[in-house]
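After this come two complexes, each holding subunit A, first together with subunit B and then together with subunit C.
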Partner chain A sequence: MSESIAKRFQDKLDHGVWPYLSVLVHIGLGTALVYIYPRSNLAFLVLISSLFSLYAFKTDRRFQLVAGALLALLIIPVIGVRNIFYLEVIFQISVFAALALGLNIVVGFAGLLDLGYVAFYAVGAYLWAFFGSQQYYVLPFAPGSQPSGLPFLLPGDAFYLFLFIAIIVAALTGILLGLPVLRLRGDYLAIVTLGFGEVIRVLANNLDKPLNITNGPQGITPIQRPTMPEWAVDSFNGLFGPLIGHPVSPADMYNLLFYLLALLVIMVIIRVTRRLDDSKIGRAWTAIREDETAAIAMGIPLVRMKLAAFAVGASFAGVMGVLLAASRTFISPESFSFMQSIGVLSMVILGGTGSIPGVILGAAVVTILNLQVLQGFSLYLSELRQSEAIIPLINFAWKDLSTQLDPAKYQRLLFGLILILMMIFRPKGLIPAQRRRRRLVADPTANK
Partner chain B sequence: MRPLLAAINFRELLRPLGQLLLFSIGSTLVLSAIVLVLSLCLEQTAVGQHLHSRLSVSLYTYTLVNLPQVVIDGLTIGFVYAAIALGYTMVYGVLEFINFAHSEIFAVGAFVGVEILIALDKTGILRSASLGMAYAYLILAIVMGMAAAGALAVAVERIAYRPLRGAPRLVPLISAIGVSFLLQDVIRLTEGLTTGQFNRIMPTFGNFDRRLNMGRIALGDTSIALGISVKSIIVISAAVLMLVGLNYLVNATRIGKAIRAVAQDRPTASLMGINVNRIISLTFLVGGLLGGAAGVLYALKFTRIDPFVGFFPGLKAFTAAVLGGIGNLTGALLGGIVLGMLETFAGAYLGVFTMGAAGSEYKDIFAFSILILVLIFRPQGLMGNNVGQKA
Partner chain C sequence: MALLETINVVKSFGGLTAINRVNFELEPGKIVSIIGPNGAGKTTLFNTLTGIYQPDQGQINFNGRSLLGLRPDQIAACGISRTFQNIRLFGEMSVIENILVGMHVHLRQSPVDILLRLPFFKREETDSEHNALALLHYVGLDGVGDELAKNLPYGAQRRLEIARALAAEPKLLLLDEPAAGMNPQETEEMTSLFRHIRDEKGITILLIEHDMRVVMNISEHICVMDYGEKIAEGTPAEIRADARVIEAYLGRGAVAGQHEEQLQ
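Coming up: the complex of A and B.
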């Protein structure tokens, strides 16, 4: 009986004005909550999850677009500038979503497990870091010994050009790395790509001699940003100043700019991924993923298709690398460790391999867990440590707790748990890919 | 006594010893020849002059004089790699699955062994121990490390791999990567909660740090002491013991026969009355035991361990297993020795031969390059049979 009520309730939510209303209420509630409590993580979660309800409820496509644009272009910028930490979280989500979408092409579509994916990210980042900083003139100097006042090689606005150059360079790197290894069987490929990822990191760490290309472990800084015109800050302040409550500094505007750029890149990536998935190449990838031998028998050029997957995935990461280098103005080999690769992989696995909304959801969940939940837990623990509280039963004083226990640093635990649990209990991810669902569900009306 | 002796298959005891000797000598000769020829070629170039101006010694002499020490170091690390590689190769042979978490099993073995020794050290009995007792404590640490690592390996298989048996290849691999990451942080968490330190130092006791000197060799103005530390000898002999024992277990006992049968054909083996699940557990247990022992030996040799200590040795041991032909026990020995030697040679001579442009920091890359080259040109490894593509 209760089941039928739930079903009827669900039916109702899927028809008429109800889905529209629910989405609007969700967005409105989230906005209001964040606006009233700018420091509350929970309020922020409500707002962010409204993106998901926008996706989940069956509403008109035009409505989805308008509501999405409103959320992404108006609400989030205003909210984000009010509390810059939110904007940072959203920026990180977008960066990782783009990376996860790129890895999704390699892992989800073509079925090639790439454990060194951040290598391409590093290529993009170091590309702009080299050309967008003084590094060219630092070449003959050992790290730390360069004279001050060196000029920049290129103006900051070359950043936009390098977004495109990074696509080409990263794709070429992908092809270059892919060529020798793509004949390998799946599990060997995984280990070899892991090796390549480490090679890139070791190179970034050690290419400070004989020529100082990467500045070694210290990393490259400062990296230029594109110029921010005066009028952009002024007009933003004029438009949204009353809503925000305080004038926006150019530094905040940069955060906003990079958020919008990341959003733009993601839009392009989603579009490209969608089109690719439905194209001949996408079908070929699916065939390779499902059965390599059969795919060869069908006349699919195996190596060329695998290379295409590598190149496309790599180019997404390359663009995001440029964006990261410019937004951080500093990069070091630390940011491109094996753990990052696994982090991106866990986003793809969590969301659902091969599923675009799933992968974005995965990126959002993992990033929020990482930046907000784990760190919130850390803060909570450190507060407990300073208090006089005692765990009752075992009589353990919180302040005796080792200071080494900092949950924010236990990302590996998080990634590991995600990977194991998803593989055992839900290998297809939170939002399984459409094509797989089509095969699993007998009812042909299940997909439209 | 006689029936007991007759039951022992001496051929299987001696064969791996001969192989180990052969591989060690062979790789020593080949690699030495390569570096000596290289040094002769580079003698007259800028490389030779650079060295001459620094140490006033010719490149050839420098290479030759350093050679014995490099070989000893290479063999030591090579045997450690071989012991870890056996764990990979055993599991791969039976399940065709890369046990990515093996490197953390190794790390857990190392931590348990070192923690026991640290605890003993705190009570003071370690410092006052006689030589014989010192060895007994070391053996205790190794055995405890083995036990912990073996138990962990079996548990990991039961929890994270067994439910995924029969799934597509990449599924258990991803789960294994997850286990590997999880275990790294679990080690960190445990250490953080109990001792508050992640980096543990092996206590010094017994005579393990003593060096047995075998003379000095003059090198230009200076001279180089040639010797082998006691702990290197312990590492090598313990590794040899394990390798011989494993070889015997697999090739000359009933259990070994069952393991080989399961590796060859799982359904048929189960039709023959072999409990496949138990054999697979056993395989993980044996791999874990070897890994744990290798972990303690590694800690003994390199003194300092941290929760991520397993990552690079694990990867290199995997490389060694692939180099030798994964699934092949003899191949893992060969691969481990060759890789250890190659790496030590690279670490010792790369800097000199490139005039300091690329020093020993590139030796980790070296292992990967070998892995990639082997996989491209001889995917079945040095000693493996061509298994073909199994999807």
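Coming up: the complex of A and C.
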């Protein structure tokens, strides 16, 4: 009985105006909450999750586009400028979503386990870090000993060009890695890619002599950003100033710019991934993943297709690397550790290997968990610890709570637990991959 | 001229010679069977023909061209398509997609066509989808195009594997135990499907099979292998009467017994 009510409820949500209404209510509620409580994590979660109700509810494509654009181009910029931390979270989600989508091509589509994926991200980041900073003129100096007042090699606007150059350079690096490991399968491949990831990090760490290319562990800074035109700041202030309540500084405008750029890159990446997946190339990748021997017997050139997977996956990471270098204006080898590769891999697995919406959701969940939920919880606990509050019944004073129990310290533990639970209860991820259903036309020869 | 010929092909693994000096010619348009006891080297021969193994010695010529040194995908592109003894479909892909993968070597879409969704790409995709549906109908699998291949029943999987092989529009089709695990009726249907493929599409068929009803019923020529060597060759009638074949299958005593019976 209760099941049929649930089902009827579900049916209702899928038909007529209900899905539209639900999405609008969700977006509206989220917007209002964030607008009223600009510091609340919970309010932000309500808003950001509305993106997924927009995806999940069965609504018209045009409605989705309009609502998505409204959310991405109006609501998020306005509330993001009011609390720049939100914009930062969304930027990080986009960066990791792009990385996860790239790794998804290698691991999810082609089935090649890559444990050193973050290397390509490093290649992109260091590419712009070198050409977009004074590093070229620092080459002969040991880290820290360069004279001040060195010029920049390229103007900041070359950044846009380097977004494209990074695609090519990262793709070539992907091919470079791919060539020696093509004969390997499974665990062997994983070990070699792991090694490659470490090689890139160690190179970044040590290429400060004989020529100081990467400035060693100190990293490269300052890295230039593209110029921010005066009129952009002015017109944004003119348009949204009243809504935001205070004039927006150029620094905040940069956050906005990088958010919009990341959004643009993500859109392009999703498009490219979709189109590749649904073509000869994507089918070849999936065939290789499913059965290499059968794939090659069907005439699929294994070498070329695996290299293509490595190259495409790497290029996504390369672009995001450039974006990261410019937005942070600082890059050091620390950002490209093995744990980062594992983090991206777990986003892919958590979200659903091979599933485009899945890995984006995976990236969002993991990033929010890391940046907001766990940190928020950690903050809350430390507040409790400083208070006089006592847990009733067991008479436990919060201030006696060991600092070892700080959630920031067992982030990875919680994360591991979540992954284990996922693998037991939803092994195919939050949104499992689905093959495209074709509108199969009736066969003309089958007129029985 | 022979469509396929092997000259003195040898393939060994460590101390085991899996194929020993096999000479063999395949006329175009024929249905030919390879039979032999388990471990006789039949599947190894298939793997050598399709490039999964490189022969240690000897020559393999297909359609006037040497296959030595070619990769399996290049050999597939030359026009040899195969099925596997233990079905090897792409389980997580839909039935239609399995067939589309079979068409891989004929699809001309370039990365630019794909990324920009140019009209050529769309046309090629629609055309190949139509062809795939026609192939599904041809092997008797209507209406399952959207199913995942792994969800099909066993017999349907065998048929799908044949459809996938046909999608490559081969000149030569290698079938590795296509009737294994099938009941008599399914076997009957399979046999007639093979005849159709040869008669209507003009594809030469080379099959490995243990089911003697199938072999004797369909083959125009039979090649018998034992311990990696070709021990006999001929029409079904000749093979049935060949003493070495009976010996290979049933042991020396059987032949002796037969002789005694004949003497009596």
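Just so we're on the same page, the second predicted complex is superposed on the first by the 408 of 448 C-alpha atoms of A that agree within 3 Å, B and C clash if a C-alpha of one lies under 4 Å from a C-alpha of the other, contacts with A are read in each partner's own complex, and residues count from 1 in each chain.
As a working rule, contacts are C-beta pairs under 8 Å (C-beta built on N, C-alpha and C of every residue); 3 or more make two chains touch, one makes a residue touch a chain.
Please read all numbers here as calculations on a predicted model, not as lab measurements.
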Touching partner for A:L260 - first (subunit B), second (subunit C), both, neither: neither
Partner chain(s) touched by A:L381 [first = subunit B, second = subunit C, both, neither]: neither
Partner chain in contact with A:L369 - subunit B first, subunit C second, else both or neither: neither
Which of subunit B and subunit C A:V181 touches, first, second, both or neither: first
Partner chain(s) touched by A:L24 [first = subunit B, second = subunit C, both, neither]: neither
First, second, both or neither for A:T293, with subunit B first and subunit C second: both
Touched partner set for A:K280, first subunit B, second subunit C, both or neither: second
Which superposed partner A:F415 touches (first subunit B, second subunit C, both, neither): first
Superposition-derived comparison: subunit B or subunit C, residues of subunit A touched: B
First (subunit B), second (subunit C), both or neither touched by A:V272: second
Common interface residues of subunit A - those touching subunit B in one complex and subunit C in the other: 291, 293
List of subunit B residues in touch with subunit A within their complex: 97-98, 160, 163-164, 167, 169-175, 177-186, 188-189, 191-193, 196-198, 311, 315, 318, 322, 356-358, 361-362, 364-365, 368-369, 371-372, 375-376, 379, 389-391
List of subunit A residues in touch with subunit B within their complex: 111, 113, 115, 180-181, 183-188, 190-192, 194-196, 198-199, 202-203, 205-206, 209-210, 291-293, 338-339, 342, 345-346, 349, 401-405, 410, 412-413, 415-420, 423-424, 427
Subunit A partner contacts - residues on subunit C that touch it in the complex: 50, 52, 71-73, 76-77, 81-82, 84, 88-94, 96-97, 100-102, 104-105, 107, 109, 111, 114-115, 117, 121, 125, 129-130, 133-134, 136-137, 142, 145-146, 148, 164, 168
Subunit A residues touching subunit C - in the complex, by the definition given at the top: 272, 275-276, 279-281, 283-284, 286-287, 289-291, 293-302, 433, 435-438, 440-441, 443-446
